[in-house]
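Shared between the two complexes below is chain A, which has chain B as its partner in the first and chain C in the second.
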Partner chain A sequence: MFSVGDRVRTRLRNPAGHTRLPRYLVGRSGRIDTVLGTLPFSDRRAAGVRSAKETAYTVRFAAEDVFGGDADPRGSICADLFESYLEASE
Partner chain B sequence: MSHVHESSAGASNRVKALVAAFEAANVFTERELDAAVEAFLASAQPANGALLVARAWVDGAFRARLLADGNAAAAELGIDLARWAPVKLRVVANEPGRHNLIVCTLCSCYPLALLGPSPSWYKSNAYRSRAVRDPRSVLAEFGTTLSDDTEITVWDSTAEVRYMVLPQRPAGTENASEEELRALVTRNGMIGTALV
Partner chain C sequence: MSRIHDIGGMHGFGPLAIEPGEPPFHHEWEARVFAINRFLLRAGAYNLDEFRDALERMPPEEYLGASYYERWLHALESLVEERKLLDVLRR
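After this line comes the complex of A and B, so read on.
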């Protein structure tokens, strides 16, 4: 479980099946913005497990941490990501 | 996979086959499906979003409730967001120096119940890829030029949350009625590609 303000990094993963972790956010560092609670877990549901649920978070990423130094220094991107996509980061 | 748009004839044949399969399995009939789509389109309108925005502009307590729990605040005004799909509404407020933009990079998630069917550009590969990478240029192409020191947050709707932007109340509308304010609210203002 993560809390609001925690630093997290998205795991490096490229599953063959359905995922809601966009490729442009793979391996990026951000901060927990909101704890969304338990939501239907799309990755497992797409694989036929209709009841699959997982805790999800809104994670805020600085645009520079996603797109590099030529990104807007004041920009950020928020995405809704499942717990298993994330690992703690300092 | 990225969206490769097949021909409309191909898509139409697949829909027909799918509907036939549902009919054969006694899940629903084509007539019931048509009625459901009609009811959905009749109730899913940008006027719903405008109702929430104008109320938030005139009622600070409602604004706070809308930002804290979108579903509950919408229900206060008779809008049932979970009627069609179990989605959570999060309303994000534009403020002086802070702008918000909505996108779905994975597909085309959109607050249908509040804004009606999405515009075709919202579903385009160009908007979906560029909105996250270079929102300032995308906004400029919509005619929305923000000062360089404006902080832009792009909300990528990757799970069950649907986002709507609460635009800033336009200057000079201090004496406008709530009904007049509703008429000022635009669909693009609630996506974040325009100011109101």
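After this line comes the complex of A and C, so read on.
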């Protein structure tokens, strides 16, 4: 479980099936913005496990942490991501 | 990840075309696809994540050239075929 303000990093992964973690946010560092609660877990539901649930968070990434020097330094990107996509980060 | 829909941050597609006063559907068949999909979801024939997975399984060379509702139609047809949903009607 993560709390608002925690630093997190998205795990390196490349599943063959459906996922809510887009490629451009794999291996990126951000901060927990909102705890959304327990929600239907898309990845496993897409594989036919209809009861699957997981805690989800809104994670905010600085645009520069995603697109480097090509980003607007004032910008940020929010994504709603499931717990298993994330690991704690310093 | 890593299927043809996952193009966030990619260059080369040009600007988004914003259509003032855009109608919900541009063709009557699009509304039919929308309605059939809503019905099948509500009936439990498949769930929304399975539908999204079916969209993402569209062959890349077809996906890139297809409109929004052409992709929906492809996913709908795939799921109906894979799950033999028409067999129920034929009985």
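As a convention for this text, the second predicted complex is superposed on the first by the 90 of 90 C-alpha atoms of A that agree within 3 Å, B and C clash if a C-alpha of one lies under 4 Å from a C-alpha of the other, contacts with A are read in each partner's own complex, and residues count from 1 in each chain.
Going forward, a residue touches a chain if its C-beta (ideal position, glycine included) is under 8 Å from a C-beta of that chain, and two chains touch if they have at least 3 such contacts.
No experiment lies behind these values; they were computed from the predicted model shown.
By the touch criterion stated above, A:G75 is placed in contact with chain B alone, chain C being left untouched.
Looking at the shared chain after the overlay, A:G48 reaches chain C, while chain B stays out of its contact range.
Of the two partner chains placed around the shared chain by superposition, chain B and chain C are both touched by A:F67. Of the two partner chains placed around the shared chain by superposition, chain B and chain C are both touched by A:P22.
When the two structures are aligned on the shared chain, A:A56 is found in touch with chain B, with no touch to chain C.
Of the two partner chains placed by the overlay, only chain B lies in contact with A:L39; chain C stays clear of it.
By the touch criterion defined above, A:N14 lies against chain C but remains apart from chain B after alignment on the C-alpha atoms of chain A.
Within chain A, the residues touched by chain B in the first complex and by chain C in the second are 21-22, 24-25, 40, 42, 66-67. Contact residues of chain C toward chain A in the complex are 1-2, 6, 8-9, 47-50, 52-53, 56. Across the complex, chain B is touched by residues 20-22, 24-25, 34, 36, 39-40, 42, 56, 58, 60, 66-67, 71-72, 74-82 of chain A.
Those residues of chain B that touch chain A in the shared complex are 86, 88, 90, 105-106, 132-136, 149-161. In the complex of the two chains, the chain A residues touching chain C come out as 13-15, 17-19, 21-26, 40, 42-43, 45-48, 50, 66-67.
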